[in-house]
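Same chain, two partners: subunit A is paired with subunit B first, then with subunit C.
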Partner chain A sequence: MKKAFFYKEWIKTRWFLLAILIGGILVEIYLFLKLGRSFRYAGHEHLWDVIVNRNQFMFHTLKYFPILAGLLIGVVQMIPEIVEKRLKLSLHLPLYESKSITLMVGYILIILISIFIISFITLILGAAIYFPLEIIKSIAITVLPWYLCGITAYLLVVFCCLEPLWRRRIINILISVCFLGTYFLSSVPGAYSKNILTMMIIPAISFLLIYLSVFRFKTGVQTN
Partner chain B sequence: MQSVIECKNLTHYYGNRCIYENLNFTVQKGRITGLLGKNGTGKTTTINIMNGYLKPRSGNCYLLGEPSHSLSPATKSKIGLLIEGHVQYSFFNIEQIEKFYSSFFPGWKREPYYELMSKLKIAPGQKISKMSCGQRSQVALGLILAQDPELLILDDFSMGLDPGYRKLFADYLREYAKEEKKSIFITSHIIQDLEHLVDDCLILDYGTVMLHKPTEEILNSFKRYRFKVNNNFTMPDNDQFYNTEVTKGMAETYSFLNKEEALNQIKTYNPEISEIQGNKLTLEEAFIGLTGKY
Partner chain C sequence: MKQFKHINKVILVIMILGLSWLLPQIWHLITDKATRYPFTYFSSVNHTFCTLEYEKEEFIRKDAHGNTYTEEQWDSILPMFSFRQLATDGLLPDTLNGIALSVKDIRKTNYYFRYKPNELFSPSIPLYPLFESMSGRVDLEMPGDVFRVTKDGVEFINPKTNKINFTKSLKYSKSLLDKGFGGPAKWVAGSPTTRKSYDEGYFILDQNSRLFHFKRVNDKPFVKEIKIPENIDPIFMKTTEYGDKRFYGFVISSDSKLYVISCNKYKFINIPIRFDYKNDNIMLMANLFYWNMGITTDSGKVCYAINTNDFSLVDTLKYHKEPNKMAEASKYFLPFSLKFKSYKSNYIKPRFSAVPLKYMLVNLFFVILLVLLKPIRKQKPTPLAIIITLITGIYGLTTTLLLKL
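Entry: the complex of A and B
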């Protein structure tokens, strides 16, 4: 049954997942081409001064890739489920409803996290060619919240899409914007280094909120 | 006889609007039961409660002995569901969707599905989203037949279908139900499609079950009577005649009484009436006779 669920989600989302993977690769190619160009034209000393003394971050372009990826895949996965209330079909499959939803969301989480891990490792390995360990650590701690934001964005799209009532959905969207906004409060490198655990709590809460939307769908608030 | 659906004291409101209070009915195993009612009488509400997608304000609905809002996976696998509009996963093609569903049901029978698909004359790789409404209805029906459920709940199966597909759907379903001794609960806004399909009719009126009888009994005993009257004629309120109307000196009423009983009863209201004409009705005419035109 797990395989069948994954098969369904794969058929539905495969081209978009591939697009996200390619998008992530292109972003990183662009970042390293840009970095190489900076080294060549600005010089090593100047770049070192910009990074260390002026606290500038060289990989800002990556900031919006995870959130866009999360939003896109959430919409692509959930729109077919909510159009004509197709979710009823998924919830009527011979599984407990919570398991059906967990499998649907779990599949995307596994793939999305895998893409993010590939993107993260590529970034760190690429940066390791140019920078010392201290700066690599700073890069890692700076980009990690962005990837967490991407996961949270996906979960919140599911939370908003599965909510059956439009007026409540708008409230959910506002809550989601606030949640996602916390990942963009500061653009200083390593700004979230002391709050990484707190930033991990947000996707956990977002995951639980999905079950609230499913519960509301099941009790039929859409017709009230 | 064992019941497959049991609704006990169902009460539901949308806001302050009462849909029904204390609605009770049971559906027997092996029967095809049609749920009929005018718009707004609560057909969709009942189906939603039955499918577990609406929690009633009070009361309970049981499918195969389990509360409909919390069916176990084993019971879900015994219930085939057709959602209004023959909704299915439209991103699949007909082979992919069969492969997907077959993993969930141990008794999956792919033959009836592919038998139906062969009649559609479409390529196996064609996406469901690119099919006509009629073709989609056959995909949805084929999947239910392949699931081989004990109980089928079909919500407005005729929606969007042309007469050919409606007949194909109804004929296939009836043959299948009788051969396999399946229980079916079905709604349709086109009542003539149900006439040769359903064993029992469950007619909802605003707030209550108006009638729950075998279709044959309704068709055999429910009649329309016409008789000449003077313009002052009025039929007193009673539970033996339905929706009496007088137009240009002609009265029309409906009743389960036979011709003689009806005449004697009408004479008690107006002794001048000496003759009435009785007509057998189609199910659609009987439905209008019972529930009224308005």
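Entry: the complex of A and C
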């Protein structure tokens, strides 16, 4: 049953997951080409100086990759389930509903987190060629909330899509916008360094919220 | 699956927190007003505070005694502020308070210093360029490497190769260790810019709270331990490198006191002002005779005139912040707020603040409103809805209405 579940999700999302992986690689290639040009134009010492003393961050473009990836994969996984009412079928399989949804979401989460880890490690290893540990730490702590945002974005899309009522779905969308907004409150590198734990709690809460939507979907809530 | 029903309560909490984040922000967007205090400068002629205010589309210049001045008179009573204009008009006095005046001397002693709490509460990358302090050149030059402070001294890293220069690192570390340095640093203070007239290197507080002056002189390390008076726990330092070369910098201690470190034997001199380093801004406009210090707090601004020579307090002037009635009004219907950003810190983190409990009596009004809305909602409010509205006021009421509790 599990294998069949994974296969179904694989058929549905494989090309988009591949697109996200390629997109991530292209973003990083672009970032390092841009970094190389900056080194050629400004010189190594000057670039280090603006990073250290003027709070310049060289990888701002990366900010939008995880959130876009999370939103995209959430939409391509969930929209067919809702439009074609396939979810009803999935939830009527001889498997606990919570288990079914955990398998569906877990499958994407594992792949998405893997892509993000590859992207994160590539970035850090690439940056380690040019920068010392102190700058690497600053880069890591700055981009980490963006990846957490990508995971949260995916979970919140599922949370919103599975909600059966439009009225409540709008409330869920507003909650999601607030949640995602908290990841983009500052452009100062390292601004979230004292708050990484809270930023990790948000995806955990978002994961829980999915089960509320499934519960409401399963019980056929009609009024509130 | 039934156990997930309780996640509905999580939504409730999330919505209340979300509203306590959004509604106060929206209210501030609509009602915030800038607080403007008159420009205040202590006259070295009248020896009193003089103010410049923009009122009804004209500038009002007056002193603390209520005398008003024309622009020209204003220039003449504040020669340290208007020296360029006076010099251009040929009106700069030759001597003042028994001291001969020259534009060069005035320029040298006219300097500014600012402190904002977000300078202290800000992420930073602990790498520093160590300039050559005695290059013999007029302009400072970038050194070609940066250093980090480690447990065993310092390490110089070349940006071109991203590799450590071990020979140089060893040489400079040895000097530090010979003086008893115990790394890594608690903090490092310095001005990592070539846009200054000279370089005094860095001040490093080690793990044992010993302060070291560290610089590069003729390509050799210069290390000097600075004796910190017993009662001072320095938490922040900002170096100055001003033209008059009287001080190395300003030091803030954990009990919110401000000191300067004198170039004369590294003496710590207390500046007689009151402030809170976590909340207040400091602005200094120094001149040959007085230091004009403005401390801006949440409740107003206090201006201090301090004698430049002996740092004695000469005069103070207080401005009270006019209460923003709209902000005051919000206390009645916004019982608490959640903020992630603060102008006092560059860190993003959740910050809760609540109004005193007496204001929460207004929440009763929201409960009554909830009960009165029964015919429109076509449902009786649940005990949970009443309780959360009673505790969280408008946030609870809005959540209740949206979730149809």
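Basically, the second predicted complex is superposed on the first by the 221 of 224 C-alpha atoms of A that agree within 3 Å, B and C clash if a C-alpha of one lies under 4 Å from a C-alpha of the other, contacts with A are read in each partner's own complex, and residues count from 1 in each chain.
Basically, contacts are C-beta pairs under 8 Å (C-beta built on N, C-alpha and C of every residue); 3 or more make two chains touch, one makes a residue touch a chain.
The structure presented is a predicted model; accordingly, all values stated were derived computationally and were not measured.
Aligning the two structures on subunit A places subunit B and subunit C side by side, free of any clash. Of the two partner chains placed by superposition, A:Ile79 touches none, neither subunit B nor subunit C. With both structures placed on the common chain, the touch criterion links A:Asp49 to subunit C but leaves subunit B unconnected.
Figure note: vertex subunit A, arms to subunit B and subunit C, all at CA centres after fitting on chain A; angle 140 degrees, rounded to a multiple of 10. Look at A:Ile22: by the touch rule set out above, it reaches neither subunit B nor subunit C.
In the superposition on chain A, A:Lys88 makes contact with subunit B only, while subunit C stays out of contact range. In the superposition on chain A, contact is made by A:Tyr96 with both subunit B and subunit C. In the superposition on chain A, A:Ile201 makes contact with neither subunit B nor subunit C.
With both structures placed on the common chain, the touch criterion links A:Leu209 to subunit C but leaves subunit B unconnected.
For subunit A, the partner touching the most residues, choosing from subunit B and subunit C, is C. By the touch criterion defined above, A:Lys218 lies against subunit B and subunit C together after alignment on the C-alpha atoms of chain A.
Distance between subunit B and subunit C in the overlay is 8 Å (nearest C-alpha pair, rounded to whole angstrom). Common to the subunit B-facing and subunit C-facing surfaces of subunit A are residues 96, 218-219, 223-224. For subunit A in complex with subunit C, the residues that touch the partner chain are 44-49, 51-53, 96-98, 129-132, 134-135, 138, 141, 171, 174-175, 178, 182, 185-186, 188-195, 198, 205, 208-209, 211-212, 214-215, 218-219, 223-224. On subunit C, the positions that touch subunit A within their shared complex are 1-2, 4-5, 7-8, 10-11, 14-15, 18, 21-22, 122-129, 142, 144-146, 148, 157, 159-160, 162, 192-193, 340-341, 346-350, 402-404.
Interface residues of subunit B, counted against subunit A in their complex, comprise 14-15, 45, 48-49, 51-55, 69, 73-74, 76-77, 79, 81, 83, 85, 87-92, 96, 99-101, 103-105. Within the complex formed with subunit B, the subunit A residues making contact are 1, 3-4, 7-8, 11-12, 80, 84-86, 88-89, 91-96, 217-220, 223-224.
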